[in-house]
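For reference, the structure discussed in these notes is given below.
Chains here go by letter, A, B, C and D, matching the order in which they are written, and residues are numbered from 1 within each.
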Amino acid sequence: MREITYRQALNEALVEEMERDERVFLMGEDVGPYGGAYGVSKGLIEKFGEERVRDTAISEAAIIGAGLGAAMTGMRPIVEIMYIDFIGICMGQINNQVAKVRYMFGGKTKVPLVIRTEGGTGRTLGAHHSQSLESWFIHIPGIKVVMPATPYDAKGLLKTSIRDDNPILFIEHKMLYNRKGEVPESEYLVPVGEAEVKREGSGVTLITYSQMLFYCLEAAEELEKQGISVEIIDLRTLLPLDIQTIVESVKKTNRAIIVEEDCKTGGTGAEIGMQIMENAFDHLDAPIKRVAGADVPMPKSPNLEKLAIPSKEDIIKAVKEILGK
Amino acid sequence: MEIKKEEAVFLLKKMMQIRQFEDKIWELLSKNIAQGGSHLYAGEEAVAVGAISVLNPDDYITSTHRGHGHAIAKAGKLPELMAEILGKATGVCKGKGGSLHLADLSQGNLGANGVVGGSLGIATGAGLSIKLRGTKQLVVCFFGDGATNQGIFHESLNMAAKWSLPVVYLCENNLYGMSVSVKRASAVEDLTKKALAYDMPSENIDGMDILAVRKTVRKWVDFARDGKGPSFIVCDSYRYYGHSRSDAKVYRTREEEKFWKGRDPIILFGKKLIEENILQEEEIKGLESEVFDEIEQATKFAMESPLPKPEALYEDLYV
Amino acid sequence: MREITYRQALNEALVEEMERDERVFLMGEDVGPYGGAYGVSKGLIEKFGEERVRDTAISEAAIIGAGLGAAMTGMRPIVEIMYIDFIGICMGQINNQVAKVRYMFGGKTKVPLVIRTEGGTGRTLGAHHSQSLESWFIHIPGIKVVMPATPYDAKGLLKTSIRDDNPILFIEHKMLYNRKGEVPESEYLVPVGEAEVKREGSGVTLITYSQMLFYCLEAAEELEKQGISVEIIDLRTLLPLDIQTIVESVKKTNRAIIVEEDCKTGGTGAEIGMQIMENAFDHLDAPIKRVAGADVPMPKSPNLEKLAIPSKEDIIKAVKEILGK
Amino acid sequence: MEIKKEEAVFLLKKMMQIRQFEDKIWELLSKNIAQGGSHLYAGEEAVAVGAISVLNPDDYITSTHRGHGHAIAKAGKLPELMAEILGKATGVCKGKGGSLHLADLSQGNLGANGVVGGSLGIATGAGLSIKLRGTKQLVVCFFGDGATNQGIFHESLNMAAKWSLPVVYLCENNLYGMSVSVKRASAVEDLTKKALAYDMPSENIDGMDILAVRKTVRKWVDFARDGKGPSFIVCDSYRYYGHSRSDAKVYRTREEEKFWKGRDPIILFGKKLIEENILQEEEIKGLESEVFDEIEQATKFAMESPLPKPEALYEDLYV
């Protein structure tokens, strides 16, 4: 199968859905001629024109608010927040408006809105351009949170997200844009809300998502050489959480480690861990572990930045610990 | 006065509906039949009724935390609105929204909002949607003087002006944001100055005079429908009740209240209609008691309606 | 000892600290002549004047930003966000600026800023005035999160928070303002970061905070009559979490239930539960339970609002379940 | 020209330091010695140097994502700044901040900011602090044209104007916010109009002419120090490099770049000084090579400095 980058995969998803449905349009900072800060929307303005590919002012709150208003009145907007680090500025709009209008209004409206953004560490950009804030959003009933790791999932999930009638926060990862992977030429969709076992194994289940998937896969390779078998689940969607797939795996391996890039305290691993405890306590042979980011703002120094997020070695160490090796 | 009797009756009655509706809510609040917060619109009727009366049914509005008046003016049905405020299953939002979240999408009311300034972005996006869909609709976005100090107000006006969106931004200046006067909150007292930052046309009018409101809003509605873009209208008005039930109104004088009540929009309009021989005193009295009955019926409906079933808790969240 | 309300207790703390240190001032919407939406700052403007008790415009982002700027340059501001529901509007300022400047600047500044706000359900105010958003903030390294339940703790913790050189989010509860409790006449402080065992027991540990403390206490009374002994920990501070006090209790009772008013998914209970698992797994005789709010925006209807948060009955039921009764 | 030689040398040298510093950073970025983002200030030197040169040492500034120039102008030491950009332990923020977060509290620099508009509130609060403490300090708040479309810009200006705070809001209009021109982002091209919403005095000046910048900023600094409140200055300028390393600059023409480089603030000022016989060509050359040496030394210091120790990860978070 052909291999394309995560960036290209996302770009194809945008193009295909905009061709398919003229209610779909894209709006955000520098999404036009510049093609988006990470190049995902390159070529779109040439293809679809200025009306459907709209460069906005640096006004995150109005971007989200306007996306919502358009979604409530017959359009299917995709809005972009350049870095998830800036999403605090429009958190009021996302939490109080986007996520709540449908419920507050007794189900009498729907919000087919995709908020595309980008997060994670790896480019030594410091504390305002390296955050992983997904856990705020799994605490907001009314939205869904999607975080693809592979080009295949990126394309399939973005297409599905655009067709979903619910608001979706779609979080890409800055270190994955250049990563290549197999993506079919023909159309396909990946359902929102389904995790996937990306590697089968028997000794321990690693539950992860986004960039950390690749750290886990590398760790698993190395562990295999040492005779340790690891199963890896890529959540792909964080809300709703596919707890069933997780529990099935944990029932098999009896051990779970959550590997997450965000700050540990109050992070996504806490919720995932609690749900495992609530659903599979009797199957656990050891306490669930979290391999997570440090509880600090992201430091600039490249060495500290690396230290602040899980490494392959951290994962290997945790696996060995949980296995008592 | 260029107004037909039928139309005059419609306007007067709508204003009376709002007034009596609000007085009734106040009564229900005092008796603890209505619970929670309700920000009452009494005193400001000419603004909502005047502005909305020049719209087409498929035009949109966005409303505020003080939204009963907008909802009633935008073809809202009194029983369902009253039921919603009481949190009943028959309410326009099935009892999930309440006073702060009255919305009726089917009537083009994109919703009240518990957050000051919370609807500004939505209105702007609805305007963008109209432009992209190429219809002849437009949006009237209501908000208070206090909301003009919120960041999203500025971001929205800039966006709408830049993209020439069909949105009329209508500021209800009732002199206070909760307890803080415009004078103490805003660097400019003349709020139309805020539109200068966006080269947006703006006008300040008497919000107690329904005909003035209609005339001005119609002008800017036509402007928007002609594709000429957004506008900013400031309607001076006054809320009769306190901000909410617990408000002791220490921040304003009884004289000020008296002054504004002396300019009551309903009385003013009624007098004018009598003077110009369009309506007779008795007809007005008749209207008042018609509305009284409507409100009583709405109240009865609301009070007798059931609360939502427990299962409703998890309904209506996702599509 | 004299009994005063939570509101009065907070008011006294403000007065005492403003008298003690002239760098302390209060700023927010309607904090002046109106005395604050829930009356906490009544009388302050008369006592300290307009310069130190400042009514602001409805500009949450600037309120926080200005509080930060003042804190960095020698003042000790207390700023008020009227409802925590609106805090999304200034989330960017809190997350990126308030919490991060000290670390980003290599420790060369400090931020003695208290952000007072109010949350929780109980007044049928609907989805924009009933939220419990504390879990977002335990995921923000750099700030502390304080949530007192009793008048005693409210006063003692507010005074300590004002004297702390770190930024503190101080969350009051709308249903507690009128609640009375013992508060000494003489000065005292309650340390930030320390939980308290509010009721000793042996069968199960309830871990809770803010309004839910009283629900737990009532449930415990009733359970006692049925011969079930419950220990109750009031966290009082959520970040940093006093995990030691929790673990000590769980080692004794071997069972833990977290009772929280916020939406369950991604809530504070997830983090607390995971930390118990990480620190006391071998002492657990049953899976940790969460009694938490429903994952929905808060509905207006009084009956649904009650259903959406834990009730005394829910707590009792969970205790019996965890004990296998 | 009313400027003493000593002062002229100071100004020219500061501008040269910034220019050469930025050119060096560009070189280090290209060689991947400097990593991450760096938004370079080259071309805009007259703004930072001109504005900051009229301040007292205990006055505050707040800076932006494009903050190297402000930091250097506000008495920042080149080696520590360079080290910070490379993430070294000897950096002004111990390597934790980086290019986007240069701050030096001891010099009154309240910090650069990775968030557009992120410093507006801080500057306003510093102004409030000055007022409450009753000192004679003031704040110059730098931000870009793009930041004027952020909500907090408006909230801050309103607050400062209402409370008459000693803050000079200084907009560096370099025609673009990343790729989007002022024309495409803002409803008004003349950004001084944004101050009309707050009755705040404002002025638009040539940001390539350091003497014009000094004259105007001094005027508004005096105004603020006299307790007359805030002001809004728009300095027209141009950034020579792309927004960041990866910027292909598709949104602007090479002609436009040429036009602005033809108005280079350092060359312009140097020429004027020669014309007016304040400095000789050789002296300028001498300054340039002095600065060259300083930059080389700073670079050497930065490159040879150690990275932070692993323990540093958890230091400096709480007091």
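In this section, a residue touches a chain if its C-beta (ideal position, glycine included) is under 8 Å from a C-beta of that chain, and two chains touch if they have at least 3 such contacts.
Just so we're clear, the structure is a prediction, and the values are computed from it rather than from any experiment.
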Longest centre-to-centre distance from subunit B, chain (CA-based): D
Centroid spacing, where centroids are CA-atom means, of subunit A and subunit D in whole angstrom: 36
Euclidean distance of C-alpha centroids - subunit A vs subunit C, Å: 30
Subunit A and subunit B: spacing of chain centres that average the CA atoms, whole Å: 40
Interchain centroid distance [CA atoms averaged], subunit B/subunit D, Å: 46
Multi-chain contact sites of subunit D, meaning residues that touch two or more partners: 93, 95-97, 101, 113-115, 118, 149-152, 155, 158, 162, 184-186, 317
Residues of subunit C touching at least two other chains: 56-57, 59, 61-62, 85-86, 89, 92-93, 96, 103-104, 126-128, 141-142, 295-297, 299
Arrangement of touching chains [line / ring / star / complete / other]: complete
For the subunit D and subunit B complex, residues of the former touching the latter: 149-155, 157-158, 161-162, 184-188, 193-200
Of all residues in subunit A, those that touch subunit B in their complex: 25, 51-52, 54, 56-57, 59, 61-62, 64-75, 77, 92-93, 96-97, 101-110, 141-142, 144, 164-166
Subunit C-facing residues of subunit D, complex: 60, 62, 91-97, 101, 103-106, 110-111, 113-115, 118, 120-130, 132-133, 151-152, 155-156, 158-159, 162-163, 315-319
Subunit A contact footprint on subunit C (complex, rising order): 61, 85-89, 91-96, 99-100, 103-104, 126-128, 133, 135-142, 239, 241, 262-263, 265-271, 273-274, 277-278, 281, 286-290, 295-297, 299
Interface residues, subunit A side, partner subunit D - complex: 29-30, 32-34, 37, 55-62, 85-86, 89, 123-129, 294-297, 299-304, 307-308
